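Every chain is named by a letter (A, B, C and D) in the order it is written, and numbering of its residues begins at 1.
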Amino acid sequence: MWNWRERLYRIIYEADTPLGKLFDVVLLALILLSVVFVMLESVKTIDEKLHQVLYYGEWVITIFFTFEYIARIVTIKKPFRYIFSFYGIIDFLSTIPLYISLIFTGSHFLLTVRAFRLLRIFRILKITRYIGESNKLVKALKDSKAKIFVFLFAVLIIAIIAGTLMYLIEGEESGFKSIPASVYWCIVTLTTVGFGDIAPVTPLGQFIAAIIMIMGYGIIAVPTGIVSAEYTKTQRSVTVNDENYVHVNTSSCRNCGASKHRDDAEYCHKCGTVLHPEEEVF
Amino acid sequence: MWNWRERLYRIIYEADTPLGKLFDVVLLALILLSVVFVMLESVKTIDEKLHQVLYYGEWVITIFFTFEYIARIVTIKKPFRYIFSFYGIIDFLSTIPLYISLIFTGSHFLLTVRAFRLLRIFRILKITRYIGESNKLVKALKDSKAKIFVFLFAVLIIAIIAGTLMYLIEGEESGFKSIPASVYWCIVTLTTVGFGDIAPVTPLGQFIAAIIMIMGYGIIAVPTGIVSAEYTKTQRSVTVNDENYVHVNTSSCRNCGASKHRDDAEYCHKCGTVLHPEEEVF
Amino acid sequence: MWNWRERLYRIIYEADTPLGKLFDVVLLALILLSVVFVMLESVKTIDEKLHQVLYYGEWVITIFFTFEYIARIVTIKKPFRYIFSFYGIIDFLSTIPLYISLIFTGSHFLLTVRAFRLLRIFRILKITRYIGESNKLVKALKDSKAKIFVFLFAVLIIAIIAGTLMYLIEGEESGFKSIPASVYWCIVTLTTVGFGDIAPVTPLGQFIAAIIMIMGYGIIAVPTGIVSAEYTKTQRSVTVNDENYVHVNTSSCRNCGASKHRDDAEYCHKCGTVLHPEEEVF
Amino acid sequence: MWNWRERLYRIIYEADTPLGKLFDVVLLALILLSVVFVMLESVKTIDEKLHQVLYYGEWVITIFFTFEYIARIVTIKKPFRYIFSFYGIIDFLSTIPLYISLIFTGSHFLLTVRAFRLLRIFRILKITRYIGESNKLVKALKDSKAKIFVFLFAVLIIAIIAGTLMYLIEGEESGFKSIPASVYWCIVTLTTVGFGDIAPVTPLGQFIAAIIMIMGYGIIAVPTGIVSAEYTKTQRSVTVNDENYVHVNTSSCRNCGASKHRDDAEYCHKCGTVLHPEEEVF
C-alpha cells in the first residue's frame, strides 16, 4: 500500500525517472490541447463543425485532471501544503470550471486559467537557468517596488487631471463622453497604445493631446530606466556572488512537497524529512 | 485657547498620534470619494439616477474641506508659509471650484484637481523610502534638464518641417487639413502613439511617414538612454553615500510647518523652534 | 566706412554686447512669428479672416530677413565661408521661398524651413552646456553609426519579407493592396505606431501580425540599448576628461566667421586673424 | 580548364580584385532591381502599364541568377558545403520561385525572398566593423536567450488569460468575436501597437484594458533592460579584449568556401588548403 503511493508520488511530482518524465510531457500536451480546445470552441465557425469533439475532449481532459488532482493530494504526506500552494490553487482552478458550467453556462471559458499550468514546462526543462532568470526578473521587480508605486501613482494622477481637461475641452461629440472615458483615453495615449477609437478633433484638444503624448514619451523612459538600472545591478551582484548559487534538482519532499532541493540534499530544507528513503531501502 | 490650537495642529499636520492617523485616513477617503463623485457625475446614465446623492455629497465634502482649510491656517503660526506652499495651493484649488460653480456652471468639474491631494498618501504611509524614490526621480529629471530641452527642441523642429512636407504631399483629402493639424499628426507618429484618425494615403506620403516612424523609433531611444544613464548615476552615488541618509518622521514644525524632521530632532531645521514643547510640559 | 561694418558685424554675429543681444532676441521673435504666420495661413478659417495681415506680415519679415542676409554677407570678410556654412544655407532657404512664390504659387509654405533658424536660440542662451549636451548626443549617434546601419538594414529586410507574406495571406480586401503598401504596414507595426488604417482580418494574418508585433517589441529594445550603452560610455569618458573642456564664447571671427572661440583666444583658430582688433585700437 | 574555374571562382566569391568588385556591385544592383520589380508588379496601376517590362525583366534577372548559382556550384571544390550554407539556401530560394510560377501562378511573389541576398552588401563594404557589430548584436541576443524565453512565455500566458477575460466581458458586438481574436487584441495592446480595429466599449472592458496597457508599459521595460544590460556587458568585454580582434578580408577558400580569413592567412582555417595557389604559380 505504502509502496504504490510512493511510486505514484515519484511519477507525479518528480521528473527524474523515465516514467516521471513521460507523465510530465503527457500532462503538458494535455494542458496545451485543452487550452486550444477552449479557444477553438469560442470561434463560431469551428464550434459549429466540431462541437461534439471539443465538448467531449474537454470532459475527458477534465476527468484526467480531476484524477491527477486527487492523486497529488493522496500521495503527498501534508496535502494542505500542496492545496494552498501556488500550483495547488492553479490546479484546482483548472479543474473546477467545467463542473460549475453544468450549473452556470458560459463559465467553462474560465478553463483558460489552465494556461497557468503551462508554467510546469520549466520543471520538465529541468533547467535551473530558467528559474535563475525568472528569479532575477522577480528580484529586479521586487527591488523597484517603491519606484514602480510612485511611478504608477504619478501616471494615475496625470491621467485623472488631463482626462478632466480633455473632457471639458473636447465635449461629447468627439467621443470624450464622460470623465472616466477621458481618463481611459489618457491612459491609452500616455502608454503610446493609441487605439484611435477616441481622438481629439478641436485644435486646443489636439494641442493638449500633443503635450500628453510627449509627456508619455518621457514617462516611458522612467520604468525602462528603473528596470534597466535595477537589472544591471542584479546582474552585477549575481556575477560577483556566483559561488553562492548551487544546482538544484526537480525532486520534491514526500512530506511537504517543497521543491528546489540541492543535488546533494539528504533532508528537506522545509520540514527535515529524509528526502529519498526508498534509496536507502533498496 | 493655545491648547486646542496645539492639539488641532497635531491632529491635522502630523500622523504620529492615533487621532492624527485617523484624521489623515478619513481625509484620504474623502478625497478619493470626492474624485469618484465628480467622475461619476460626468457619466450621464449614472448622473440621471444619482444626481441628488452626488450633488449633496460634493457639497458635504467641500464644506468639510473648507473647515479643514481654515483650521490649517488658524493652527499654524506662520499661515502664509502654508498658504503659498505646494500643498496650500492644492488645498485651496480643491475647495474653491464648487463655490465658483454657483456662479459659472460647469466649473465644478475642476474639482478633479483634488486628485493632487491624493499625494498626501505618502505622508500617511510614513515611508521615507517613497520620498527617497521620488526625490531620486526628480533629481534624475533635474540633472537631465538641459538634455531634455535639447531633445524636445529637436522633436519640435522635426515635427514642424515634416508636418509641412506631409501637408504639401497629402493635401486635404486624407485629413492633413492644415499645417498645425499635420504637425499634430507628426507628433502622434513620432511618439509611436498612432491614433489613425489621420493617416497618409498617397504612396509618397506613406514613404515619408515610414521615415518619420523609423526616426521616431530612434528618437524614443534618446530619452530612455538619458534617464537610464542619469538614473544609474544617481543610484550609484546614492549607494556610495548611503550613510548620509537618516530616517525622518511625519511630524512638522508648529511654527513654520516645515516637515521631514530627523527622528531625533529637537529643534526645527528651518526656524529653530522647539519641536514638541508639550512633551516637555506634560 | 570700415567702422560701421565692424560695428554691424558685432551686432549681427555676436551676442555679448547689449545691442547684439537685442538684435538676436528680435530676430528669434521674428522667426517664431513667421513660422506661426505660415502655419496659420494653412488653416482655412483663420486665413479667410486674416489673409491680408498674414500676407503682408510674411512680406515684411521676409524683407527684414533679406536685409539681414545681405548684411551678414557684407560685414564678414570671407563671405563664402558663411554662405556655404550650415547657418548660411538655412538663412538662404528661409528667405527665398516667398520670392519664388511670386512665380510658383504654393511654394511659400516652404517658409517653415525657417523653423531651423530657431536653432539660433542656443547662441543667445550662451549656455555652452546645451552645446555640450547636443555634442554628446551627436557623438553618441556617430559612434553607433555602424550599429544603427546594421539595425535599419535588418528592419528593412524583415519589413520586405513580412510585408510580402501579409500581402499573399490577407489579399486586397483588408487594405493590403500591394507589396509596397504591405511593407508600409509592416513598418507601422514594427515601430509600434499602429495607425489601424490597414489591419489584418484573417486569423492567419492576425497570427503573423502578432509575431511581427512581438518582434517589433524586441527590436525596439535594440536601439534603446545601443544609445543607452553608448550614452553611458560617452558620459563616463567626458567625466574623466573634464579638464579637456574649456569655456567658449559667442564671438566669431571677423575674417572667416568661425565661432566657439576660447574665452582667452586672441587669434582665430581657423584662419589666424586677430579676433578683436578694435579693442587694441580703442 | 582548371584555370578558368579558378578565375571565375575569384570573381564570384571574392571582392578583392577589380573584376570581383564589379561583379558584386552588378549583382547587388540586380538583386535590388528584382526586389523593386516584384514590389512594383503587385501595384495594379503600375502593373497595367509596365506588365511586359516587369515580366521580362524578372525573367532576365532570374536567368542571370540561375547561371550565377550554377557557376557558384561548379567553381567550388566542395559544392555541398555551399549548397547547404546559409547563403546557398538563400540563393536557391531566390532563383526557384519564378520557375515554379510557370506551374502555380502567384508564387512568383515569393521572389522577395531575394531581399535576403541584400545581406551580401556587407561583403562588398568589406568593413569588418559591420560584421563585428552584427556579431555583437547576435551575441547579446544569444546570451539573453533564456531571459527572452521566460519573457515571451509570460507575455503569452498573460495574453491568453486577459484575452479570455476581455472576451467574456466585451462580448461579440465590440469586435471580440472569439478568444483567439481577443488574444490577438491583447498582444496588439501589450506591445503598445494599438491598431484600434478592435477596441473595448464597455466601462469594465475599458478598465481591464487600462490595466493591460499599464502592464504592457511595464513589460516593454523588461526586454529593453535585458538587451541594454547584456549589450553593455558585451561592449565592456569587447573593449577589454580589443587586441583579440584582427582584420579579415573578403577572400574565401577555393576548397570549402569558408570566408573571413585573416589578411596574412596562407592556409584556410577550416580545411587547410593553400589560400592563393595561383599567386605562387605566377
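Rule of thumb we're sticking to: a residue touches a chain if its C-beta (ideal position, glycine included) is under 8 Å from a C-beta of that chain, and two chains touch if they have at least 3 such contacts.
A quick note: this is a predicted structure, and the numbers were derived from the prediction, not measured.
J.: Between B-D and C-D, which chain pair shares more contacting C-beta pairs?
T.: If we tally the C-beta pairs in contact for B-D and C-D, the bigger total goes to C-D.
J.: Interface overlap for chain A and chain D, more than half of numbers shared or less than half: same or different?
T.: different
J.: Could you say what rotation angle superposes chain B on its sequence twin chain C, using C-alpha positions and rounding to the nearest 5°?
T.: 90
J.: Which chain has its C-alpha centre farthest away from the C-alpha centre of chain C?
T.: A
J.: Counting only Cα atoms for the centres, state how far chain C is from chain D in Å.
T.: So the centroids are 33 Å from each other.
J.: Using mean CA coordinates as chain centres, what's the chain B-chain D distance in Å?
T.: 47
J.: Give me the residue numbers in chain C that touch at least two other chains, ranges are fine.
T.: 180, 192-196, 220, 224, 226, 228, 232
J.: Considering only the defined contacts, which chain B positions touch chain C in the complex?
T.: So the residues of chain B touching chain C come out as 146-147, 149-151, 153, 156-157, 160-161, 163-164, 167-168, 177-180, 183, 189, 192-196, 199, 203, 206-207, 209-210, 213-214, 216-218, 220-222, 224-226, 228-229, 232-233.
J.: Mind pulling up the chain A residues that touch chain D in the complex?
T.: Those residues of chain A that touch chain D are 35, 38-40, 42-44, 106, 109-110, 112-113, 115-116, 118-119, 121, 127, 129-130, 132-134, 136-137, 140, 148, 152, 155, 180-181, 184, 187-188, 191-197, 220, 223-224, 226-228, 230-232, 235.
J.: Flag every residue of chain D that touches chain B in the complex, lowest number first.
T.: 192-196, 224, 228
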